[in-house]
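Take a look at these structures.
In what comes next, subunit A is part of two complexes: it sits with subunit B in the first one and with subunit C in the second one.
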Partner chain A sequence: MKKSKKYIAFIAPAFILYTVFMIIPILFAMYYSFFNWNGIGDMVFIGLNNFKRLLTEPRMSRIFFNALSNNFVYLLCVMVLITPIQLFFAYVLNIKIRAHKYLQLMLFLPYVVSTSIVGFFATLMFDPNIGVLNSILSSLGLEESAWLGNPDLSFKIFVGVVIWQCIGSGMMIFYANMKEIPDSLIEASIIDGAGELRKFFNVVLPQLTSSLSTNITLSVIFALTMFDIPFMLGGPQGGVNNTIDFVNMVFYRYAFGGAYFGETSLGFGSSISVTMFLIILTMSMLVKALLKKVKIDY
Partner chain B sequence: MVFRKKEFKIAESASVRLVKNTISVILVVYTFITLFLFGNTILSSFKEKQELINNTIGIPKRFTLENYRTLLVEKDFLRYFFNSFFLVFLSLFLLLLVASMAAYGLSSFKFRGNSVLQTYFLIGLMFPIQLGILPLFIMLTRLHLNNTIPGLALLYAANMSFPLLVFSKFFRGIPTSLSESARIDGAGEFRVFLSIIIPMSKPVLFTMGLINFVTIWNDFYMPLVFLTKNSVRTLTLAVYTFMANFLANWHLVFAAVVVALLPVIIVFFRFSDQIVSGLTGGAVKE
Partner chain C sequence: MKMKFRILSILTVMVMLIVVIAGCGGTDETTTKDGGTTTTAAPDESGSETSESEGGPGAGQSLVIWEHTPQFEKPLVDLITAFNEKNPDIKIEYQIKTSDQYYNLLATTIQAGETPDLFWTNGTATSNLGSYVSQGVIMDITDKVDLSLFTDTMKEIVTIDGKQYASPTVEVGGRAVFYNKDIFEDLGLSIPKDFAEFESMLPTIKDAGIIPMSFSGSDPWAVLFHFEPVLAAMSPDWLEESKTQDVKINDARVTTAYDKMLEWADAGYYGTGFVGVDEGGALLAFSKGEAAMCIEGTWNIQTIQENNPELNLGAFQLPTADGRRPFVGTSSCGFSISEKTESPEAAIEFLNFFASIEGQEIWIKALDSIPGTPEIVSENPVINDIAQFDFQTASFYDILGKQQLEGENPRQVWEEDQTKVMSKGIEPQEFLDTLASMTR
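Moving on, here comes the complex of A and B:
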């Protein structure tokens, strides 16, 4: 390391850009959340009233808590469904099953597909009139379905679409981690006569703490900021009966969509994003603490 | 005892092999969904309007480039394509330049407050991008940068915590002997940075560039908020607005999707390994 004043010239551009367009807006969001303000007129300080309205006013809190519970149901799906599938796919790639090179590319491919194209693919598959699935059903003589228009199905379809698109990145992070496990460790367990399952839980999984913590942390944030895919599948209102509505979409509607009694409310919109941030912060700290505990256990 | 790989293959029981092959078959069938979606979209983009109404699946009876012509010439997709490219390259240029410079400043100079600054630059990882979006919207509007591509590029470049972290880690691993001898030869700090550090960091700059290319090219949320005017629309946004009225545009949507997909698909098949190492960002290697 050198001692010199030159570092200022290196750091200053980043510092200014980052402070102005990253940190200050966050502080302002927190500030706005205490005001009643539509962006043009006077700002009126109203303390915690925005938060109170969000959490207690019957009409508003129903929308908010419905969306929040969708975020958490999805997070649950991540933990019990998506992460295990990613782990499983990574593992079968790692033991080099037949066609693993082809599978690796094809499973990872949807990662580079933009969500608006995912929306197009969903229309292609699920649209009641022109979708592939209904034409298959009708050609088989079976009853057609409304798919995303059916409130019992929409969340399941949403999870399916997310699995199709988003599984690749986490899978590759696991896979990259697995490749670093020395062969000798796995071979030793084969000599012991351990089955694939036992081998996986006793030998492979304990070596994956770094990728597990990366993936879990990323998916907690992804789950709680969910926006693109439900927006594509169900529109800004989050589908029939708001079955695929998420907090971030509620925020978008109130901040930019004029859903606040027909007008845009920046103060109220900010209180939604600040609330969401506090929830994300709590959850990530929880996950961090949990992961630390697990690490010590090994 | 040292066993060779081959001997294990023989030792693998028939039942294990059966399970493995079954999993292969299931996964291959599963990936046919992806193949079908991509293949059918490409094939349908060459179909005539009349044919598409009755026949969404399968090989076109007559190939036509009419859809692409209409799309690029009459529907402004050439402009959207240019907008996307301009946005991606401007953002990447700013992001990589500013983040690598700061990372160099933080990792090779000793000064008071260095570690505080490092933490400060990492705070960005904690915040969801949506938190600051309302104030950003107001700021950009007041700076007359809303609905401009450079304005949005500034926001992407400001989201620099992750690349900065990766670059700092990488720069700390570069042996100082090279830059020291350059300094003795009279090279200034910027000379050292440009002609020694940057060339040595090409792989890490490239992978960070790649994943940000894919992310920014595909991003939907930020353009939805910040690029609402037709003249600055990006491709992903254009595909979305097209889809909103898809029955009228049904014959053009397929070609639009192909145009938007093409660059990322090429990048994917050429550089999938580098994308993965960009994703993990060295986090796994610890």
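Moving on, here comes the complex of A and C:
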């Protein structure tokens, strides 16, 4: 009997849109990365020179690797700080503590606020001259702080803002997964005398491999493509002494030019995006392979 | 209990919404309608029946004009309105972009063959105009538009190989020390007569619990607009030399200006954590009376006065050691015409109006900026304060561009590293040595 191919009609629209808006631009970026081109006029083929400049030219490589290391430090923060916090709050909501619905709303609300509004809130809080925090410190007779202007603090503030804004997204994925855990498992652990900690680590956590896998993969991609929050907090130059500079911001500066300077370099910018694409691809594959290995049997 | 939490949740959401709306409301005047694009059209087309210019140049044609920042929306609207009174048969649409995306969007439209009929550029201040000219994107307007209103210096910014590719404006983009007259009066201070007197005011203001100068150390451009008047006051001879010859970018006379700014920073004259303040925050702190002074670009007068219409605002030029008042001023560029415009007559007609005394008067007054010609007199007393200077100097940024070596891009390095000097991420000498290695 001939197999029906009607499913192609359902797949085709999404496939065509994905190809036009995702695959083709990626291929174009790869193509442009071999050229010296500012967006108009002649494209001059320069082979791998854009990549050579990015990775070996002293000044450029210093900027790129500083930004890349910030991406990875942030990824580390996601793994050791942000994900556990998301997990903790998901569990707290799942066991229905007092006021859990209010807590759920408060934790999820910042996620629906746009990043530009988050930037505005950050100015209200952290501006050394007119910010709320310095006003409080000043009224208490304490020494005011430079906040985002302090190189030792700016990255920590950035991570704090990310936690505040993004905690809701991963938390909801964990929470949804926890809801699927059969009550019988939880009840059995309670009958066996497991306390809250034991119940979490021995019963709940092993059931969360699917949400952990999703959250970790998404976090890796999100961390390596970070742009909007540091841009709003530290401007296009990546904050004081480039402490919150990320690779996507370097791409933005070189591909589209400075705010006033305006000299675009799409060829070089493309080489940055292609390099980052390869790094993200490699990382995602590594994470996928690692997560496969930690699959738990029951 | 459940009901209480529900009410608390609703109240919290409402408070957040109010804060967000209030926040957006605060910037309402500077954001544009329709997602960053604002358009207008000529008055009722029926007016063309009685129009004096019926059948005149460009009649029946339509134009699209691009501007790079919302700050220029009002001048452009006023200009279009006045132009349409004389040329009701020319329909004009304008679009206001944001400066950080402007050139990228322009390059995209050029690439797509949909270049706007008229569009703004930095002129020769950046490489964009030259690039567009070499690609045949821009019309040579040398014998088409009357630029007789402008001096040769003003025309430099639109001239490539002896031909003009845009209309300049008579606007002089300057820098000045803005000051709060009430604070000065309360502290018994007056406009300083020389650099030493200016410096002696700073501890007096600080001791009164007021920030002497609000300053954004996080924005390279805000640092530049502060640095240039300090350089002009401390080393006017270096700037004077730059007019006739190449100068050493890493000259000790330049380093000393940065050292002075760092000395002021260490003394707390910029307030706590100025390296974390953005330009808007610095202007707001000054407007609100948190700071006594602010050294900034003259185009910010509108912003300062809109931030606080009650502010008793004054301005002066930072004096030299011997009491002379330098003025750092740069020419500014207007609009270019697309080579491929389908409405060349209308575009030329519009640009001729823009380059006329009437057009420039409308432009300058709406912009509240400094006129570079005695034929236009500002009604804003602060502008007249700024115009009190003894000599004009070049911009450090322009000197960098003028002396850059082939294939080098010192201004990009400057933009990336400027703020690090103020945050002590690099030494002024190291920063200037890097720039010097990329210039003649």
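List of remarks:
Going forward, the second predicted complex is superposed on the first by the 272 of 298 C-alpha atoms of A that agree within 3 Å, B and C clash if a C-alpha of one lies under 4 Å from a C-alpha of the other, contacts with A are read in each partner's own complex, and residues count from 1 in each chain.
By our rule, contacts are C-beta pairs under 8 Å (C-beta built on N, C-alpha and C of every residue); 3 or more make two chains touch, one makes a residue touch a chain.
Worth saying up front: this structure is predicted, and the values here are computed from it rather than measured.
In the superposed pair of complexes, A:Asn202 makes contact with neither subunit B nor subunit C. When the shared chain is aligned, subunit C comes close enough to touch A:Gly239, but subunit B does not.
Applying the stated contact rule after C-alpha superposition, one finds that A:Lys6 touches subunit B and leaves subunit C untouched. In the superposition on chain A, A:Thr282 contacts neither subunit B nor subunit C.
In the superposition on chain A, A:Val92 makes contact with subunit B only, not with subunit C.
In the superposition on chain A, contact is made by A:Ser210 with subunit B only, not with subunit C. In the superposition on chain A, A:Val113 makes contact with both subunit B and subunit C.
In the superposed pair of complexes, A:Tyr18 makes contact with subunit B only, with no contact to subunit C.
Number of subunit A residues touched is higher for B, counting subunit B against subunit C. Judged by the touch definition given at the top, the superposed model places A:Gly39 against both subunit B and subunit C.
Counting contacts by the rule stated earlier, residues 39, 99, 102, 105-106, 109, 113, 117, 120-121, 123-124, 130, 255-256, 266 of subunit A appear in both its interface with subunit B and its interface with subunit C. In the complex of the two chains, the subunit B residues touching subunit A come out as 1, 3, 8, 11, 16, 19-21, 23-24, 27-28, 31, 33-35, 37-38, 40-41, 56-57, 94, 97-99, 101-102, 104-106, 108-111, 117, 121, 123-124, 126-139, 154-155, 157-160, 164, 189-190, 193, 214, 217-221, 225, 235-237, 239-240, 243, 246, 250, 253, 257, 260-261, 264-265, 267-269, 272, 275-277, 279-280, 283-286. Partner subunit B is touched in their complex by these residues of subunit A: 1-4, 6-11, 13-15, 17-18, 20-26, 28-29, 32, 39, 89, 92, 95, 97-100, 102-103, 105-117, 119-121, 123-125, 130, 132, 135, 164, 169, 172-173, 175-177, 180, 187, 190-191, 196, 210-211, 214, 221, 224-225, 227-228, 231-232, 248, 251-252, 255-256, 266, 269-270, 273-274, 276-277, 280-281, 284. Here subunit C touches subunit A in the complex through residues 5-6, 8-9, 12-13, 16, 19-20, 23-24, 99-104, 107-108, 110-111, 122, 126-128, 131-132, 134-135, 137, 211, 214, 217-221, 271-278, 280-282, 284-285, 288, 290-291, 409, 411-413, 415-416, 419-420, 423, 425, going by the rule given at the top.
Note for the complex: subunit A touches subunit C at residues 38-41, 59, 63, 99, 101-102, 105-106, 109, 113, 117, 120-121, 123-124, 126-130, 134, 144-151, 154, 234-237, 239-242, 253, 255-264, 266.
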